[in-house]
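The same chain A turns up in both complexes below, where it pairs with chain B and then with chain C.
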Partner chain A sequence: MHARYKTPPGPTYLSSPARNERMEMGLPVLIVDDEAEFAETLAERLRLRGFTPHVANSGEEALSLVARGVANIMLLDLKMPGMDGLEVLRRIQKGAFRMQVIILTGHGSEIDEVYARSMGAIEYLRKPADLGAILAAFKKAEKELNKNMPVLTKE
Partner chain B sequence: MEDRHYYKSLTRNMAITMIMVSITPLVLIAGLIGYYFETAYREKVLAHLQELVEKHQQNINAFLDEKLSYIKVLADSYSVEQLTDEAFLENKLIILQNAYSGIFVDLGIVDSTGVQIAYAGNLKLEKADYSGAEWFRKAQKQDYFVSDVFLGLRKTPHFIVSVKKRRGENEWLLRATIDFLAFNSLVENLRIGKTGSALIINSAGEYQTRPGMEPLPEMASLLKRTSWTRAAPVEGAHAATSQPAGFKTISSGSLALSGIVASRGREFIYILMPLKGGEWTLAYQQDTADAFSELNSARTLALTILFSGVLGIVFMAFFMSRKVVLRIEKVDQEKDLMNEQVLEAGKLASVGELAAGIAHEINNPVAIMAEEAGWMEDLLEDMHIEESEDFEEFRRSLKQITVQGERCKEITHKLLSFARRTDPVHHDIQVNDTIEEILGIFDQRSKFSNIRIQSELDPALPLVSASPSELQQVFINLINNAIDAMGSGGGLLEIRSRLEADQAVIDIADTGHGIPNTVMARIFEPFFTTKPVGKGTGLGLSICYGIVRKLGGTITVNSAVGLGTTFRISLPVHTGDVTRTGS
Partner chain C sequence: MAADELAFFGKIAAGVTHELKNVLAIIRESNGLMADLIALAKDSPFPQRERFLRSVDRIEDQVRRGVDITSRFNRFSHSMDHASANIDLNEIVAQTVALTCRFARLKEIELLGTPSEGPVTLTTSPFRLQMALTKAIEACIESMPGKGTIRVDVPGNPAGPELTIHCETREGSVLDLKEVVTASRPWLELEQLVPDLGIGIGWRQPGAGITLSFSTDEVNEPEQ
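Right after this comes the complex of A and B.
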């Protein structure tokens, strides 16, 4: 049962032809949340909807995945032990990574939202968030990425 | 109880300060003026007395000179033959007696052998023999002579004025007797006040007048030691005297000796002046109580005023300070009341803050639950429930929902248990339990901030009498601050409890940024905060302070910038049994 967390995509889902189809055209997204249960379940649901989700349980882990270029869209929690979401956002901005960041937090205050948006977050969602809202945010992020593509092509 | 004592000592201190400030200058001025006034007054009285005595001295001297000069005129104007004619002599006596009634008693001519060859008067002293009389011997040696007072042949006090004349080989004396009473009145006139009186004394210490008062024994001894030396050409005489103990000489000049002598427990003013070219002494004495009676009554009056003034000041000082302190007490009570209101407001604020924090905390598990539920829906969409392949998935998701639901319950439970106990009624509380409870609430928050919490609680800590909710508030506020101080950088929060000299001591130590000195003095002030606007009410520490003080405890801070802060709370332990409090 736990195998599915360690090696996504797990064998259970590979067996489903419908999922395999969607996997091939999966948009890579990075889910950053210290609540492992939450992150994994969300990843499963996104995978079911044709995304290629990557999971990080801390700010540090997230940054290392970003450095490896696993995804250009990030779903980021703010309150995390150690490096928190705002710090991750700050580092991404500083490191000039081509990233679109969506904030998803349970501690959403107005101040945090203004702060996060000022640092380049394109969307600010509050937990518990409807999956539809998350998907809409991803669509928005993808559009932004395509808009910037010619300018920010990797050399 | 402690307050009573505080206000009492405040009243006392205020009163004493007021009394000191008012009385000191009053007493100083009174003393200074009194001293100078007394000194000046005494000097003036003495000078005045001396002047009076001097006038009498002149009078007496003039009297003696005058009488002597009459006799001289008689002796010079007439021959011895004329004067020995008793009818002639009688005639002259009558003239003198008419001019000066009662002064001249008789006249007589005495030859060189001491026999009275002629006499005019009432005493039938013709042919009286004076050869053995002392006055005669002295008179023979001088041209003019005034004798001391003596009883003589007639057995009544009198003195003799005589003029010596020479005719050929023979010397003869014209003598006149001066009535003692007439002379005495000169001195008796010198009576001042009740005790001031004078007497005349000769060099042998014999009274020349009837003493109007009993002379002081000290005076007699002084008189014996005083001799007026005829140094000056006129009648100037110098007092040569050695002072016996107890005499205070104020002036010692050529014409007088004056001062104050203590005798029989009283003080007397004495003035001595030479008479008859220093043969006699005019002695004046007066009790100082009498001489300075006006000074004494002035002093009594001044002291009465001073005393009643002091009494008034003391009364007013106590009255005023009592009034002021009552006022202060009232203001203090009002302040206490306001503090209580602030405490109440703060309580609500901190409960609200906590509730908001918990609401946020709940969002996380709820989000998971929602996600899990969504995942189940996703699965249901794709497959039939009887396909056992996903059956395990359903079970797992359901379990997660249950687990996360429990989490929500736990959090809300803590919130409720906190909210329920807001009664200010005091119970016997085990502080350790309260600390454990509070630490449970902060579990999650400290995890997020990377803060390790270490508690070292003394299991033998006695119970403390306090309101559970208030005590909780104290710990919540302090731990909240500690976590805020350490920020997201993490750190170590240590909570220790122990018993220290009948006090339950609780340390809450963090490794945060510490409290700068500039802020330290104000941390317990209400509405003082260093947190960003909207984050802190500035009430937390003032509430802690108010609660701990209300419980009879103390709260102290020890902080080093950059190293951390330790708050130490000492609460009196609840001993409970009567014997302890009685001893």
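Right after this comes the complex of A and C.
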């Protein structure tokens, strides 16, 4: 319906090495996706933007990296062989890890979204999401992390 | 097709569209990476830079198109999940217009939908309602004498759950196609769906279009 269609935002390409969209240099993020080619390519694009991405191709691998404290921001796929994304989310919540989770899925239903948000996911993106949307979600996650950081005051 | 067969078809189709989204995600990221790399090398000579970037943009455009098509087909597939559901008529019109605009385009007809201000809800079979609306649109496409526009409008309240379909010439004159439309094959098929869906079909004064109004009662499930 013409009145309803909205032009989606344009693609987020790197315009220069000193792109001002860069976030805190080296911000670690964990990409959890069983589609290895997708995860690796996204990791490469994030690396170009100053992030330190880590990749896990299964839920089990993701939890092991979380336990090692590689990152406090996770981009999580829902449907994966073995342990699925919702189970990863449940275990993160149970383990009280300091983690901000962004769901990125090609499979999720509206019920999944409600459930994932109720389990603490701060954003729910659908594949294939534009990189700009992923970066915005990282910013939101970083803000949440900073909000929850203990504030040190001079005495 | 029986309800369980429809649900099976819907499940398989939904699974395929989900997988296609993964494929599109990989294409989008790989294309984005190519664009990033060429941007990083902006001071290095690259004789075909403009052509390369045009191709990158073209791939991104096609990914967007693919996402739109797969998302709509995915929603269509999920419409088979439940024999009856609460739906917003605007959503059904938007979905059906998007999925059938190709049929119109082949006859150089523009297919447009206009939503109402607020949602217009009713309980019905989303799949069968889309099928009925598609039949009505097909009947109009077949009946149009040449290039033109078909408008599917949801007037909203106080009209309630109803929509109107107008066939117009390119210049905007409304066509009175009642005789041709009602004799067309899709229209006869639509009339068979009408009793189960609680649809009332009305023709406004000559040239003012077709009105499909929907019962707000639960739909009758067709006998298997």
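In the analysis below, the second predicted complex is superposed on the first by the 126 of 155 C-alpha atoms of A that agree within 3 Å, B and C clash if a C-alpha of one lies under 4 Å from a C-alpha of the other, contacts with A are read in each partner's own complex, and residues count from 1 in each chain.
Throughout what follows, a contact is a pair of C-beta atoms (placed from the backbone, for glycine too) under 8 Å apart; a residue touches a chain by one contact, two chains touch by 3 or more.
A quick note: this is a predicted structure, and the numbers were derived from the prediction, not measured.
Once the two complexes are laid over each other on the shared chain, residue contacts for A:G106 go to chain B and to chain C alike. In the superposed pair of complexes, A:S64 makes contact with neither chain B nor chain C.
Judged by the touch definition given at the top, the superposed model places A:D84 against chain B, while chain C stays out of reach. Legend: residue contacts after superposition of the two complexes on their common chain; A:E44 is shown touching both chain B and chain C.
Shared interface residues of chain A (contacting chain B in one complex, chain C in the other): 1, 12, 16, 35, 37-38, 41-42, 44-45, 48, 79, 106-107, 126-129, 131.
The touching residues of chain A, counted against chain C in their complex, run 1-4, 8, 11-17, 35, 37-38, 41-42, 44-45, 48, 79, 106-107, 109, 126-131. Those residues of chain A that touch chain B in the complex are listed here as 1, 12, 16, 18, 35, 37-38, 41-42, 44-45, 48, 79-82, 84, 87, 106-107, 111, 126-129, 131.
Of all the residues in chain B, the ones that touch chain A in their complex are 360-361, 363-364, 366-372, 374-375, 378, 382, 389, 392, 396-397, 400, 404, 447-450, 488, 490, 534.
Residue ranges on chain C touching chain A, taken from their complex, read 18-19, 21-22, 24-30, 32-33, 35-36, 39-40, 42, 56, 60, 63-64, 67, 71, 78, 90, 93-94, 97-98, 112-115.
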